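For clarity, chains are labelled A, B, C, D, E and F in written order, and residue numbers in each chain start from 1.
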Amino acid sequence: MFYHTKKLQYFKPPEKPDPIYAKKIQELIGGTFGEMTVMMQYLFQGWNCRGPAKYRDMLLDIGTEEIGHIEMLATTIAHLLDKAPIKLQEDGAKDPVVGAVMGGSNPRDIITDVMAAAMNPQHAIVSGLGAMPADSVGFPWNGRFIVASGNLMADFRSNLHAESQGRLQAVRLYEMTNDPGVKDTLSFMIARDTMHQNQWLAAIEDLKAEGLEDTPVPSAFPLELEKREFAYQFWNHSEGTESAEGRWAKGPSMDGKGEFEYVKHPQPLGPEPTPPAQPEPRLYGTPQ
Amino acid sequence: MFYHTKKLQYFKPPEKPDPIYAKKIQELIGGTFGEMTVMMQYLFQGWNCRGPAKYRDMLLDIGTEEIGHIEMLATTIAHLLDKAPIKLQEDGAKDPVVGAVMGGSNPRDIITDVMAAAMNPQHAIVSGLGAMPADSVGFPWNGRFIVASGNLMADFRSNLHAESQGRLQAVRLYEMTNDPGVKDTLSFMIARDTMHQNQWLAAIEDLKAEGLEDTPVPSAFPLELEKREFAYQFWNHSEGTESAEGRWAKGPSMDGKGEFEYVKHPQPLGPEPTPPAQPEPRLYGTPQ
Amino acid sequence: MFYHTKKLQYFKPPEKPDPIYAKKIQELIGGTFGEMTVMMQYLFQGWNCRGPAKYRDMLLDIGTEEIGHIEMLATTIAHLLDKAPIKLQEDGAKDPVVGAVMGGSNPRDIITDVMAAAMNPQHAIVSGLGAMPADSVGFPWNGRFIVASGNLMADFRSNLHAESQGRLQAVRLYEMTNDPGVKDTLSFMIARDTMHQNQWLAAIEDLKAEGLEDTPVPSAFPLELEKREFAYQFWNHSEGTESAEGRWAKGPSMDGKGEFEYVKHPQPLGPEPTPPAQPEPRLYGTPQ
Amino acid sequence: MFYHTKKLQYFKPPEKPDPIYAKKIQELIGGTFGEMTVMMQYLFQGWNCRGPAKYRDMLLDIGTEEIGHIEMLATTIAHLLDKAPIKLQEDGAKDPVVGAVMGGSNPRDIITDVMAAAMNPQHAIVSGLGAMPADSVGFPWNGRFIVASGNLMADFRSNLHAESQGRLQAVRLYEMTNDPGVKDTLSFMIARDTMHQNQWLAAIEDLKAEGLEDTPVPSAFPLELEKREFAYQFWNHSEGTESAEGRWAKGPSMDGKGEFEYVKHPQPLGPEPTPPAQPEPRLYGTPQ
Amino acid sequence: MFYHTKKLQYFKPPEKPDPIYAKKIQELIGGTFGEMTVMMQYLFQGWNCRGPAKYRDMLLDIGTEEIGHIEMLATTIAHLLDKAPIKLQEDGAKDPVVGAVMGGSNPRDIITDVMAAAMNPQHAIVSGLGAMPADSVGFPWNGRFIVASGNLMADFRSNLHAESQGRLQAVRLYEMTNDPGVKDTLSFMIARDTMHQNQWLAAIEDLKAEGLEDTPVPSAFPLELEKREFAYQFWNHSEGTESAEGRWAKGPSMDGKGEFEYVKHPQPLGPEPTPPAQPEPRLYGTPQ
Amino acid sequence: MFYHTKKLQYFKPPEKPDPIYAKKIQELIGGTFGEMTVMMQYLFQGWNCRGPAKYRDMLLDIGTEEIGHIEMLATTIAHLLDKAPIKLQEDGAKDPVVGAVMGGSNPRDIITDVMAAAMNPQHAIVSGLGAMPADSVGFPWNGRFIVASGNLMADFRSNLHAESQGRLQAVRLYEMTNDPGVKDTLSFMIARDTMHQNQWLAAIEDLKAEGLEDTPVPSAFPLELEKREFAYQFWNHSEGTESAEGRWAKGPSMDGKGEFEYVKHPQPLGPEPTPPAQPEPRLYGTPQ
């Protein structure tokens, strides 16, 4: 069960409205790696967790924090959308091509019309100048963005990845604005992403130290059941061998259980497929 | 540019048809972590790569391999769907409740009818007993399943994660069949997933060794621009402190740049949000 | 079975083209509360209706009207897209940053280029200056936007809601244009939305008067099967009690069957969840 | 900012596992009217609310409660999936048609195989016997399921509708199980839905009493700007006049501002549309 | 504007309920090539048509017919869902594995339980035994299923294709039932698909005869602007030359403007791509 | 199994960056008829093909070619996004309406700001100036865009249609740029589309010549099982008879098996539908 406090985890208001930036920062709410993703991902991982209590508690703690991150961003967006230009400045040139769309000739009017033309139209029509559960092109967040597999190592690697993309995107958005308020709020969220990358790296070490999981995930699957002879080969599917120059092409494998091998001219090991001679007649496929 | 050889990378045919398993193994083609995902993810990362040539080449090599993995699974599914029961065995009991749906009373007919009832109906109606670009519940693969961000560390973490979920799902499917042919083909793919987990761990080390990227991603962002005082704190958003028992709650941070701190009773740092007193009147929102 | 008359239910042509507005008004065709939604929702409710004939007939009448609303809007959009600027005005400044994208320096060219940059690109590339079954950000209409549950009270409340959002959005779009033709057409559609809000309020009263349904929906479910002691409590999930000031926090409940109660400090009634000690080993989840 | 308590708002464990029912009850988590919908809808309405504080606080209170409802259902699903049959009972009849799919001939094996065939395969392959953010056919929850328009009357009507569909679906699921634990948990949730229907009816009255909004929504739009002559007409789009028998066809309109009128033989008011004589030649559409 | 007649275009009721078949036949309503697709496709093509009146009228005529096809199928589904088993037959074996899911040991109960397990759960929970705007796996119809490009030849080829897939699917469903009523209704729809395939072939000839369009579409684009030397080559992207045996590999091209050529060993004509040496630093991609 | 050569099939680099055009040309990668569609469609048709080897080989050859088309376009987009303006030019007028969004008054700055406002924000935030598997409005490619039915005539008609829409869209994009490099690359792709339209027309002839399939598809379905009396009628669903003027309304049918007939006043052949008198009580629908 959850409780809400009316205060925000952190917040500095934007100094000025900016409807175009409001469109862009939606990526951090409803994008593939936005706050809705990490919130839902951590909560479902926590609810589905059958492992030790410390992991479950940790997952629900951070998932609960992330709800508040959506809240901070939604508040930021409401401010950015304030005074958004929903109507054109003038009646437009009397011009058969340009029509009534945009008019006037002073730069300020043109700029305002650019904003009206390029902002997310749903911020005016649908949400009435509020945040939406969608990304920066208006595509809605959906449940396929998250994973909660029951295998904590697989999931912590997902979490590490999500916080890496998330911090990368937050940093890019930091660079895309000059507003001191927005930059301040983002600098808090970027710091939390630093923590969360560290947290998942630590959790991965913790799982290993507890002996619960290792590479390759899932490590409890008996290795002799996989075709071991292909478990450390890099197949070079092109001419040229630049790909031989990396750590993945030589030396001991990272799981300590094999040696990388570079297969320069890989050949197929299987046959040409032979479909059944005749398809099911009642499905009216094309026969041989 | 790409070339095709008619032989499969690896393949053993299923010994017997099994339309229910055909439905399930679709997850490995078109699911969030299926072969379509890794194929497209590696190819787009390669095409968009502006880093050193060895990474670009390696990404395109493995992406090209993954096209062949879809091919192997599509061939497997065509075999599993052979002789699928598209029509009911009998005319059904003359029974107003059960109706004509399923009939007969010998177990073999019942079993056949179960298969006809529970198989993916689109395997008969839409694909004519062939594979589809969809997952095990019939949801189509889509482009939001992949990421190619231009930051190779962020992306390699994604790749490591995808191969972890992928191997986990392949292993689960291995446990869900008794068919020696299917098990044999899967044991090859599971071994490749072992390689690919090792490969991405190696590539992550390689990026670090080259001095190109480190934790926190992106590491080129000046740390003084984030609020460092919150960059190593774990916030305990619940009563109880099981979450204090993990590696993430104490000791040096994994990036070596800080010390983990456990905040037992976290308090909000921001104010109550104050929306604008009056919404835009022409949008007819509810005023204060 | 359906018939078509070539005349439109109502229509005034736009006075001038406006491709940006064409993008925006797509919301009324293919948005969550657009005409495709009400059309499909009313038709499916009618086709699935097992209640008295007057409801079924009424649903199919209004659903049939709504097909014509899509037609009016599609015609409006075709006019708004006429003469849309699909090509840039000039070759652009010879400038390494701005490149060939947009050029010229007179306001009329800039405005035309803004339109070319901000209009829905699919209106040129995909539909050839015609309407599309999508909303104002280009997201396609889909079947999850509608509901037809078989319970007419639940569905009429949905209809009332859809016409409320629909009229709100139409009114917003009315405020976002200066074109007399567009405003005239919208003023007809807004009036129909007034009727339809009234219609669903009347239909809700009619259902009650017929004794077919009441609050709580579905009213035929025996109330003693729900935990009645929690059926009129408002739980205050935050500190502060502004939420106690509303009608929902005190006085007789709206269904006349209880008394609202304000629970100032709600406490969980359930236990801490205890997952199974060991997950299924063949699924390789993390054990306790 | 949010806090979590480890105890559930309410909960009785299922007495027995039931993977088929686990699939079905997913509708209440990730369906169009599931708990993810009401949670996200109320939170976004609260965060975007520019109206009086009592509404904002109330919205965030109930949104916070709904997070806990997802938690209750996720816990229920984990129990229902316990011991789910992921593998077939026997090796199958040696039968070229039935193959290895399902075998055995005793009813208990057949039943187990039915479960393995008909359960949501992602509950085994993807989530490792945990809940997913998807509905009962595996379609993921998405952001287009919710609305937060800034107009509280429009939104409260949506909320009333969502709780009506939600209670209807919960009641149907109550009838579809015999498990006393599941029934007990549902009977709590059904009672909360009773409260929430009453709550939104009360909130609608409260808005009216405050003079903030009325029918037609949005009521601040000047009525003289709509074509009033069509604002109370019911158009009979079919032969036959069963639809004349309802409250919507005669008598004073529900907003008290007009009189319903039944238009028995509605005629189009607009012209035949005349598209532009020649399409844009550079888009290569078909000319007249 | 549209009118409705209460009679169906054609209809024979199913003789018996069959909830599994109801799930399957949803493909013909809301699948990629279902009636919602052809209805919306033809109507949007008609509304957007700028070509001669005979095409526009024809498109709207057939689009209007297709609305009635959805109606026929929705009615069929309501009958098939009648008396669907929403509850299990018995309390189940007292068995810790099988649990309460399915019980009993007589075949009729097992069969009924199979139906309850395998039917589309939303047919009970969401639609109350009515049709839905979704396909046979429950995926919703969406606007990307249709095309209306403004080029009638491109679109008529789409229509021909849609009616081909549609008839193929209807025929497959015809083979998948024994119900005389369903077969009779389908035999009408299959005949209409025969007409519609003929109709689009005729319309394609008509467009050619009018001199409006030809191969390659769009034929008004000056051929000298494409690289003509590659306009009739078949590139053999694999070893082996089975693909040389078809009509597409030799002889005059179908547009009469060239000669097919078989390129046995195709070589790339372009360079290795060279990305920019340094990515934009503020986006923190990996540099060379 | 597949191989990659590092050289592109064809390529001329754009002369100048153009982020707006980069957004638009995404349609050719991830749109409904983009290269991802034809690549996946041909490969799945090839993998699922049970017909003669020449078709299977041909399908896999062309599918393999199409992978290289995505590669060409992805490379083009990376060049077009080079030096994209991710940050505003100036701090903006000190103006409460315009705010910090866009500022400056010289046309070059305004133009740069237009680009920053109207480009696809995900090209900066998500992909770091690389291509994405999405269309020109950012909607992701998905598996429902393709078809592989097992019936080659149905599928070749789909392929012909896809190449028609694809060439139409490529030609439109050719007209929407002045960049010689882009035009050159497109002129190669447009030529390949010419070949591919010819190829599918030839393959359709080939199938007929082989006696494998004919109109109506599927031709193996016994014609006497369809209601032949309705198989050549055009139903005029509107007043007015412009639709009688086309080839589809008179003369021998295209399959040579009937005569077109124009039904000027079509009448329903079916009854009014009669739903069951009482809905299932446990689903709480509205009764009659």
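Operating definition for what follows: a residue touches a chain if its C-beta (ideal position, glycine included) is under 8 Å from a C-beta of that chain, and two chains touch if they have at least 3 such contacts.
Everything numeric here is computed off the predicted structure, so don't read it as measured data.
**Student:** Give me the fewest steps it takes to get from chain B to chain E if each step has to go to a chain it touches.
**Tutor:** 1
**Student:** When the CA atoms of chain B are placed over those of chain F, what is the turn angle between 0 and 180 degrees, to the nearest 5?
**Tutor:** In short, 180 degrees.
**Student:** Does the chain B and chain D pair touch with the same residues on each side or with different residues, judged by whether over half of the numbers are shared?
**Tutor:** different
**Student:** State the pair with the higher C-beta contact count; candidates are A-F and A-B.
**Tutor:** A-B
**Student:** Relative to chain F, which chain has the most distant C-alpha mean position?
**Tutor:** Ranked by distance of C-alpha centres from chain F, the top chain is D.
**Student:** From the C-alpha centres, identify the chain that is farthest from chain B.
**Tutor:** The chain farthest from chain B, judged by C-alpha centres, is C.
**Student:** How many angstrom between the C-alpha centroids of chain F and chain C?
**Tutor:** That pair's centroid distance is 27 Å.
**Student:** Taking each chain's centre as the mean position of its Cα atoms, how many Å separate chain D from chain F?
**Tutor:** 32
**Student:** Using the touch definition from the top, which residues of chain B touch two or more other chains?
**Tutor:** In chain B, the residues touching two or more other chains are 1-9, 32, 47, 50, 55, 57, 60-61, 64-65, 75, 78, 83, 86-87, 110, 114, 117-118, 124, 126, 128-129, 137-140, 142, 144, 147, 149-151, 153, 168, 171-172, 175-176, 218, 221, 237-238, 240, 268, 270, 273, 275-276, 279, 282-285.
**Student:** Quick one: label the inter-chain contact graph as line, ring, star, complete or other.
**Tutor:** complete
**Student:** Which positions of chain C touch chain D when the two form their complex?
**Tutor:** Against chain D, chain C makes touches at 5-11, 32-33, 53-58, 60-62, 64-65, 72, 75, 78-79, 82-84, 86-87, 124, 128-129, 139, 142, 144-145, 147, 149, 151, 153-154, 157-158, 160-161, 164-165, 167-168, 171, 174, 187-188, 190-195, 197-199, 201-203, 205-206, 209, 215-218, 221, 223, 225-238, 240-248, 253-255, 258, 260, 268-273, 275-276, 279-280, 282-285.
**Student:** Flag every residue of chain A that touches chain C in the complex, lowest number first.
**Tutor:** 1-6, 47, 49-52, 55, 86-88, 91-93, 95-105, 110, 113-114, 116-118, 120-122, 124-126, 128, 137-140, 149-153, 207, 212-213, 218, 220-221
**Student:** Where on chain C is chain E touching in the complex?
**Tutor:** Checking each residue of chain C against chain E gives 1-9, 30, 36, 40, 43-44, 47-48, 50, 57, 60-61, 63-65, 67-68, 70-71, 74-75, 78, 126-134, 140-144, 146-151.
**Student:** Could you please specify the touching residues of chain B with respect to chain D in the complex?
**Tutor:** By the definition above, chain B touches chain D via 15-21, 23-24, 27, 31-32, 83, 85, 107-108, 110-112, 114-115, 117-118, 135-139, 169, 172-173, 175-176, 178-179, 237-240, 268, 270, 273, 275-279, 281, 283-288.
**Student:** Spell out the residues on chain D that touch chain F in their complex, using ranges where they run on.
**Tutor:** Listed in rising order, the residues of chain D that touch chain F are 168, 171-172, 175-176, 282-284.
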